[in-house]
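Presented below are the structures under discussion, each in the form of structure tokens.
Two complexes come next, and they have one chain in common, subunit A, joined by subunit B in the first and subunit C in the second.
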Partner chain A sequence: MEGIKNLVNALSAPIPYTIIMAGGFGLLMWKLRTLTQPRVLWALAALIAVGFVAGAQDPDFLKIISKGDNMPIVIMIFAILGTLGWGLRQASVNDMRMEKGLPPREAEESNKKVLVWPDLVYAEFICTVLLSAIFIAWSIAVEAPLEEPASGTRAPNPAKAPWYFLGLQEMLVYFDPWLAGVVFPGLIVVGLMVIPYIDINPRGNGYYTFKERPFAIGMFLFGFLVLWVALVILGTFLRGPNWNFFGPFEYWDPHKIEPLVNVNLSEIIWVQWFNTRMPDQALLREAPGILLILGYFMIMPALLAVTVLKKFFNEMGFARYSILVMLLLCMAALPIKMVLRWTINLKYVVAIPEWFFNI
Partner chain B sequence: MATTEASQRATGAYNPAGGDVSRRGFIGTLLLGWGLFGAAAGAGVLGMVRFLFPNVLFEPPSSFKAGFAQDFAEGVDERFKDTNGVWIVRTVSDPLSGRSGEAGLFVLSTTCTHLGCIPNWLSADLKFKCPCHGSGFRMSGRNFEGPAPRPLERFRVVRAEDGQVLVDKSQKYQWEKNQWEAPEAFLSI
Partner chain C sequence: MGLKQKIAETQVWRSIFRHGYPSTPRNRALAALSNVFLHLHPVKARKSGIRLSFTWCMGGITFFLFLLETLTGVLLMFYYRPTIEYAYNDIIALREHVPLGIMRELHRWGAHMMVLAVWLHMLRVFLTGSYKPPREFNWNIGVILLLLTLLLSFTGYLLPWDQLAIWAITVGSNMARAHPFIGHEGPGASLLAVGDVNLVTPATDIRFGLLAGRFVGAATLLRFYVLHCVALPLAAGLLMAVHFWRVRKDGGISGPM
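On to the complex of A and B.
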């Protein structure tokens, strides 16, 4: 038992956790049709449920999952499995139908007529009653997770954002507030809004499909599953006092020592590589990082245009392609920076605290 | 005698639709309406701006006396964290402000330089650790882990006339601007 707990704790460390999440996402994209079969989805849900029940025998894990704040996240895991699994299952069924030359299932259903009353409203009414009953029972059974009165001089430890902002809070660990708090959230919203303008693939209108638009669905799901849902789960279950990482079966010790001496890229280059003292002039000091960032955003688009994204560049035209690739590069910057922090303890690529400019 | 169309046009009273409102009259009404609306909205905005400056502020005074320097033990004094938002640190050496081997006091702000949470002093680990995003600071205030881009800010500290330690939060010193070396950022003992 202890062996399993230690294994789970070890697998929940940042790097294995990221590999599992990214690998799981890759597997989903690769074996979509197998993984979205109802029996596979049910087996997966049962496995996770058994994991939660078995894990709840451990007092530390029970404390985390039974906290009023965290219950919705437990539900969210199953809800995402259900809704996403169902949507992707329909896409798989349609893809298989279209391979046989049949129209998508929605094309046949669109001839049928369904009445708003009673067919739709009745179902909605049942849902309303059921959900109201569940919420009332829940609110009676579980105490509201209230804390001590707010104080301007004391922050709870750990101080966690509401669950839907935990992904943002996790981003803030790796980036300066102006990036993680302003630019990236802005880019997420703007990026979602420009999808209809940069996506010129006319397929998939009004029916589920994956095969006809794997890039669009894959990129969206990568951002949603790996960069949002996985970070919410990480922030809920794996972040403890002092914002340290804790395994699910680990006691939340506020004095856990984690040596996290972070260094800026300029310190690595000037001090460790060239063994000299850092230049006083901020721009000269940070020149390597600035060049790296400029190179990332100027060379990568051209490089991608002639290699992986060649097809997109040819079909979309320069303007659409540029916007797409900038959004992609910004999205990729998050996992890149996270991995750099965990592996070489990199704090900032460009660090100019004098001007509040850190990347 | 009816005025001609040309003279109506010249005076602005030309009214081709034949209604009650002339062209010039319409514009006058429009200006009056928008003018009144703008004035009312402007007054509302001014009222709101006034609202941002309360008549009474229930805040501790920005400068306060913290007792005598010899009463401070070496290390971090947390007595003024809740009341005044500062840690007073007594040290035997402060190389970061160019005072190696010089004993004295300095005053650290309790506001994390990342996003403004209040870190905790972990006396066993000899560091300040922020509970929000995990920034860590050494006893000197220097940031060394987590996302905080710069060290904690220091405040002005001098000896008052009666010999007590006087902390003045209206003057802050930032390490990245080489301000910690300022004479009043450190009180030699």
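On to the complex of A and C.
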């Protein structure tokens, strides 16, 4: 028993956790049709449920998942598995139909119009009654949490943002607040808004499909599942005092010490490579990092335009392509920084704390 | 003549509903058409579009939860005063003195689930490609509604005035300190200066504007309360009207062309 717990604890540390999530996502994209079969989805749901029930025998794990405000995250895991599985299953079925030359399943009924009264209004009414019953039962069963009265001087440890912002708080491990808390959330909103204008693929409009738009769905799901939902789960269940990592079966010890061994790129280059003193002038000191960032955002788009994304560049035109590739590069910045942190303990690529300008 | 028919022909019935009992196609069409609420729907909809497997009902659930939050929120406002002297005690009183009181529970669980329902609604709209022409603009309205939902939840988080509330808002709003140019710990903040006088300070920056102070305090509580109960619901209600209207105008729930 202890052995299994230790294994789960070890596997849920940020590095294996992220690799498992990203690997799982890759597997889903690769084996979509097999993995979205109903029996596979049910088995997965049952496995997670068994995991939660068995895990709840452990007092430390029970303490985290039974916290009132953490219930929505448990529900979220099953809700996403169910709805996304359902949607992608229909996408697979439609793809197989279209391979045979048939229209998507929705097309069989999309020209059939039904009266909204009663066909839709009654369904809405039944849904309202059911939901009311569910929420009333939930509210009778579980009391809304209320902690000690507010105190501006006694900060709880850990102090966490509301659960839906925990992905952003997790990003703070890798980026400074101006990026993790302002620029990246801003880009998420802008990115969502430009989707309809940069996705010029006319197919897959109004029905489930994966094969007709694998790039759009792949990118959206990577952002949503791996860079958002997975980080919310990590931030909720696996981050304890001082935002240190704690396995699901680990006691949240506020005195756990994590060694701080991270170094800046400028230090690696000047001190470790050239074996010299760091220049005093900030811009000169950080020149390697600044050039690296400029190269990333100025050379990569051109490079991608003539290689991997050539087709997109030709079809989309300059303006749409530029917006797409900039957003993709920003999105990729998080996993890139994560890997650099784990492999070479990189703290900042550009570190100019004098100007609060750290990347 | 049946009882239903008789009732449907009384003067009272006819003064309210301008059509007969909705048992004929004509009267069913009129039921949707002549009702201010139901006419957010078209008279007819695609059979494929109203299937649960297609929509997951997530847009509908979001709207249901908005109504639930409005209803329970209004009831909670009767018992709650947004000052640091009373706020926490009012929540305690609500818990201890109201028999079978579940309004706060309904409000809280509903709020959590509304955030989730909005995400899943967006996921469904994305997977079915329903943001594609002619629905690009409505997708954008939806993104703003997502932001309003998060802001509604965020402002509501502070109101119980317990440790969770004040520190979650402190952590969340600390990010604003680092806003480029207009946060006092953000890159470029020192550029905005007149001579030697820095314009962006802890008492003038964007976080100060958000919190109405340097810290989460009495003014923040009042500000978040007004945003939570008045400004944001009005904005969300207005945009929801636009959102639903555009669904209709852009051809109803999407389907293959």
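Please note the rule applied: the second predicted complex is superposed on the first by the 359 of 359 C-alpha atoms of A that agree within 3 Å, B and C clash if a C-alpha of one lies under 4 Å from a C-alpha of the other, contacts with A are read in each partner's own complex, and residues count from 1 in each chain.
Keep in mind that, in the parts below, contacts are C-beta pairs under 8 Å (C-beta built on N, C-alpha and C of every residue); 3 or more make two chains touch, one makes a residue touch a chain.
Keep in mind that this is a model prediction, so the values were computed, not measured.
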{"item": "Contacts of A:202 with subunit B and subunit C, given as first, second, both or neither", "value": "second"}
{"item": "In the superposition, subunit B vs subunit C on subunit A residues touched", "value": "C"}
{"item": "Subunit B versus subunit C as contact partner of A:326, first or second or both or neither", "value": "neither"}
{"item": "Contacts of A:181 with subunit B and subunit C, given as first, second, both or neither", "value": "both"}
{"item": "Touched partner set for A:155, first subunit B, second subunit C, both or neither", "value": "both"}
{"item": "Partner chain(s) touched by A:271 [first = subunit B, second = subunit C, both, neither]", "value": "neither"}
{"item": "Partner chain(s) touched by A:93 [first = subunit B, second = subunit C, both, neither]", "value": "neither"}
{"item": "Partner chain(s) touched by A:116 [first = subunit B, second = subunit C, both, neither]", "value": "second"}
{"item": "Which superposed partner A:336 touches (first subunit B, second subunit C, both, neither)", "value": "neither"}
{"item": "Subunit B versus subunit C as contact partner of A:13, first or second or both or neither", "value": "neither"}
{"item": "Residues of subunit A that lie at the interface with subunit B and also at the interface with subunit C", "value": "151-152, 154-156, 159, 169, 176-177, 181, 356"}
{"item": "Complex interface listing, subunit C residues touching subunit A", "value": "22, 25, 28-29, 31-32, 38, 41-54, 56-58, 60-61, 64, 68, 84, 88, 91-92, 95, 102, 104-110, 112-113, 115-116, 119-120, 122-124, 126-133, 135-136, 139-140, 143, 146-147, 150, 153-154, 157, 160-168, 170-172, 174-180, 183, 185-190, 215-217, 254-257"}
{"item": "Residue ranges of subunit A in contact with subunit B within the complex", "value": "151-159, 169, 172-177, 181, 241-244, 254-255, 257, 260-262, 347-348, 351, 353-354, 356, 358"}
{"item": "Of subunit B, residues touching subunit A in the complex", "value": "81-83, 85, 110, 114-115, 117-120, 122, 124-125, 129-134, 136, 144-147, 149-150, 176-177"}
{"item": "Footprint of subunit C on subunit A - complex, ascending", "value": "68-69, 71-72, 75-76, 79-80, 83-84, 86-88, 90-91, 103-121, 123-124, 127-128, 131-132, 135-136, 138-140, 142-152, 154-156, 159-165, 168-169, 176-178, 180-183, 189, 192-193, 195-197, 199, 202-209, 213, 217, 220, 224, 355-357"}
